[in-house]
Amino acid sequence: MFNKKCKVISNHEIAPSIFEMVIENRDIAIEAEPGQFLHIKVNSGSDILLRRPISICEVNNDNITIVYQIIGKGTTQLSLVRSLEFIDVIGPIGNGFPIDKEKKCAVIGGGIGIAPLLELSKRLKNCDAYLGFKADAYKIDDFERYCDHVIVSTEDGSSGNKGYITDFMKHIEKYEVVYTCGPKIMMKKVKELCHVLPSVTCYISMEERMGCGIGACLVCTCKTINTDDSKWHYKKVCTDGPVFHAEEVELSD
Amino acid sequence: MFNKKCKVISNHEIAPSIFEMVIENRDIAIEAEPGQFLHIKVNSGSDILLRRPISICEVNNDNITIVYQIIGKGTTQLSLVRSLEFIDVIGPIGNGFPIDKEKKCAVIGGGIGIAPLLELSKRLKNCDAYLGFKADAYKIDDFERYCDHVIVSTEDGSSGNKGYITDFMKHIEKYEVVYTCGPKIMMKKVKELCHVLPSVTCYISMEERMGCGIGACLVCTCKTINTDDSKWHYKKVCTDGPVFHAEEVELSD
Amino acid sequence: MINMEVNIAGIKMKNPVIAASGTYGFGREYGQLIDLNELGGISVKGLTLKSREGNASPRIVETSSGILNSVGLQNLGVEYFLENELPFLRKYDLAVIANIAGNTEDEYCEMAKRIGNMVEGIELNISCPNVKEGGVAFGTSADMVFRITQKVKVNCSVPLIVKLSPNVTDIKEIAAAAEAGGADGISLINTLLGMAIDIHKRKPILANIVGGLSGPAVKPVALRMVWETANTVKIPIVGMGGITSSEDAIEFLLAGADAVAVGTANFVNPFAPIHIVNGIWEYCKKNNLKGVRDLKGMLIDK
Amino acid sequence: MINMEVNIAGIKMKNPVIAASGTYGFGREYGQLIDLNELGGISVKGLTLKSREGNASPRIVETSSGILNSVGLQNLGVEYFLENELPFLRKYDLAVIANIAGNTEDEYCEMAKRIGNMVEGIELNISCPNVKEGGVAFGTSADMVFRITQKVKVNCSVPLIVKLSPNVTDIKEIAAAAEAGGADGISLINTLLGMAIDIHKRKPILANIVGGLSGPAVKPVALRMVWETANTVKIPIVGMGGITSSEDAIEFLLAGADAVAVGTANFVNPFAPIHIVNGIWEYCKKNNLKGVRDLKGMLIDK
């Protein structure tokens, strides 16, 4: 983990409200694992005080790509950063996705949740991708480069199948490992589908509001169940996660 | 008085830490009088919350020129605004300099205090300018265009005379009206020089920290003495001033 | 049709947005920039019995997302207000609330009597942190709040709103005391006592050393206190403290305020109150509410 | 040579900058980014007698120039700290202060006894706004502060710093009570109680409804309270609340703090404490001071 001022190589909109930013930093790039995130200072004032957690989408040599959606003032501010400016980044942070190249895998992403799954697909060998969007699909080409099959759905039918992506995952039993990231409701569904299949291991990437982002302040906790003694504990999304074993985390709300 | 989003025509450094900005707004330009100021929002966040008061330096058709010195975060932010961006301006505000074209006048400015005196010189007929600087002099050419004589001094002697400008005002009795703006210590000196000469009327442009900038909140007061009954009152720099009769204001501190 | 009207303890307003006392003078200045008819009401600059000069300058410091002020109730007295300022405000369609501050209980009573029913309501300022006598001294103990409210109330011909200080351990206790004393409504918060130092001069920046903090920085504290107060008293509440946008205002209304006041935000954006009125209207529309009054008590916090 | 050393009630530190409790864990995480040897001290995450899970999430909201948190003292208990966290910190040259919070007076005493002299100081947290029992309940009345300080003090083998809540009417009274009870030092401020609402869900954002406000927004209030406290007590003061830069820290030192703590600023900039140490050094140099201790009492406020 490092705290670096990183040069912004590019930053532009790739779909409505979705931006792709490429930043350069060798130290962070070398350490980066799929599923980890960066904690980014989006401006220099005290107005938007906290950093924003954004997943690592792809790593290419010294460059790290992130893909982010405009939600509020932090991500808006991020979208205004220009090429060649520097941004203050802490990372890479957290436990990424456990990788087993021998296994047959699926990555299941919804919306902006597809972002951390790209670098993962790249590092896996036998991987299918299920990617769901509301309307405008993005990054499909990249997944097609690394995955055996890519199944896309949009709620409005504008690309791929029309409907929720979970409706198009017919044979989940054919996978040994399933990785998912996206809206809670989608991940819940994926978790349920995997739960009844003891042969399938499922990993979930969690989100929670963060303070320090590095494990010191305990504000980013999620409820976890110890599968041995069935006791629950709060664990930190930032450094105990963001990736958890699906059986371990409670997806309430 | 208006509250307008004004287009920035240009914004650049004219001397170390001194910026000139030209903005465009017909309504404000038409109403503007020398000595009045603009109350400017320098950014959109809540971080630099208050507007900043900056004097009108010059008016040319629909364009208003301001000249400002980088002091802290507000003026720094202002210096980052680019051409063709819009800034939020309230103005023109306050009582400007009373103008009598028949009289023989002097404008005496120190440092950034010369700014409001330029448009004034332009509107006067018989006017000499005394302009003092620490080191780098600026805007001298412009004053030379409008004034009969321009006397410059710098503390380091880099342009004009070496020393304080008040040391080069030998015959103040030859003026009927003296206008001054600059550091308190300089204005105090000017006030004293004029005080002993009943034939000379002296006007001072005051500065005080501001809230609303338009006369509603009473945070910008300075102590004034009613010359009739010698009673003191707090008056508002923003709308009772910024220009006061020298005999009326207390230049303490 | 969305009904934006509110009735604060008998003070009828066409919308729930009030210009906060001390930030808006007597309306004249902001009236040059916006149409005062768009406001629900104005709480005028704090009035005292006799004219006051207030504190020395500097009276303001900018802090992170806030300001400290120490005006110290500069004004020309209640008499001057009634004769020279009120007639101006009467030209507009908005509720006028007289914010009054005294050095003694008797002064408060005398002012309330003098004002009579010439305004729509009286706001009892027992929370000004910038004066030595009176002001906040009356506002920090429940006993004193009860007593002064009771005393002033009998001299009031119009609804009496008691304005509370946030510089207290338990706002619930203070609010309950005001209600028990006969207050028709409560407004809060006044400013939080704060300070700033010029490290180069090694001096407090404010001539008065300390001042009152307002603006976005205080919003979380103000909102919490409004929520606590709403859970304590039955009388209407005017919420304020850092309200800048309609989203902020809606937070206060959901927390239990019946109306809101906008202070510091005017300095930043004179149109803030109008944007806030419009934003509340849009929120009501989007959420299929009949009117702004429906917002109170809609918070899911149990 | 500028002497950056301070001695807070017997706690010797090589510089006056402490990592504030709850924002720095037990140093491990920030130790990956900065050299912990650069800190004067660390006040560790609030400890309780038994392990605690804390409050439900969300536990944080960003506000204008501030944050609200409602962690609720999640920790593995004092025993775990002594066995598993303290040895790590012992590898570094910095003062370790154990921040303790109990449900009862007896729990506080038991913890103080258990800790013995294994740390350089104990910080009595009677100001945590995020727990139902204990915490701030002990910190808002002068009587209770006096009593608990006195009780815990006899069980302490190391200097006792009492950490005060800003959610009180009169900080002077509370500080005086802590001093009278035998406190060796005072630290302040803990967080201001605040709230934020999600207007779309119509729910408080924090699962705990209310939380503690920290960060630049609270600095003016914190500074005022430190100044008031310094004018009231003779024991040393650790000032905190919104300190982000060395200028901020110097304001606190001029106001009467003997040392400062940095909390929320770490989240923004992990190097903040180091920049602050360096900035204080430069200020001392520029002003021809022999050492940081000279700053206390240099404020011209009379």
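Letters A, B, C and D mark the chains in the order given here, with residues in each chain numbered from 1 onward.
Everything that follows uses one rule, which is that a contact is a pair of C-beta atoms (placed from the backbone, for glycine too) under 8 Å apart; a residue touches a chain by one contact, two chains touch by 3 or more.
Model, not experiment: these values are computed from the prediction.
The chains in contact with subunit B and with subunit D alike are A, C. Of the two chain pairs shown, B-C and A-C, the one joined by more C-beta contacts is B-C.
Chain centres here are C-alpha means, and the one lying farthest from subunit D is B.
The centroid of the Cα atoms in subunit A and the matching centroid in subunit D are 36 Å apart. The centroid of the Cα atoms in subunit A and the matching centroid in subunit B are 55 Å apart.
The distance from the centre of subunit A to the centre of subunit C, with each centre set as the mean of the Cα atoms, comes to 46 Å. Counting only residues that touch two or more partner chains, subunit B has 46-48. Each of residues 61, 64-66, 215-216 in subunit C touches at least two other chains.
Arrangement of the chains shown, judged by which pairs touch: all-to-all, with no pair of chains left without contact. Touching subunit C in their complex are the following residues of subunit D: 61, 63-66, 68, 140-141, 167-170, 192-197, 199, 201-204, 209-210, 213, 215-221, 223-224, 227, 242, 247, 250-251, 254-255, 283, 298-301.
On subunit A, the positions that touch subunit D within their shared complex are 1-3, 41, 46-51, 88, 90, 208-223, 232-234, 239. On the side of subunit B, the complex with subunit A involves touching residues 43, 45-48.
Within the complex, the subunit D residues that touch subunit A are 22-25, 28-30, 32-33, 45, 53-54, 56-62, 64-67, 69, 71, 74, 215-216, 244, 264, 266-271.
Interface of subunit B with subunit D (complex): residues 46-47.
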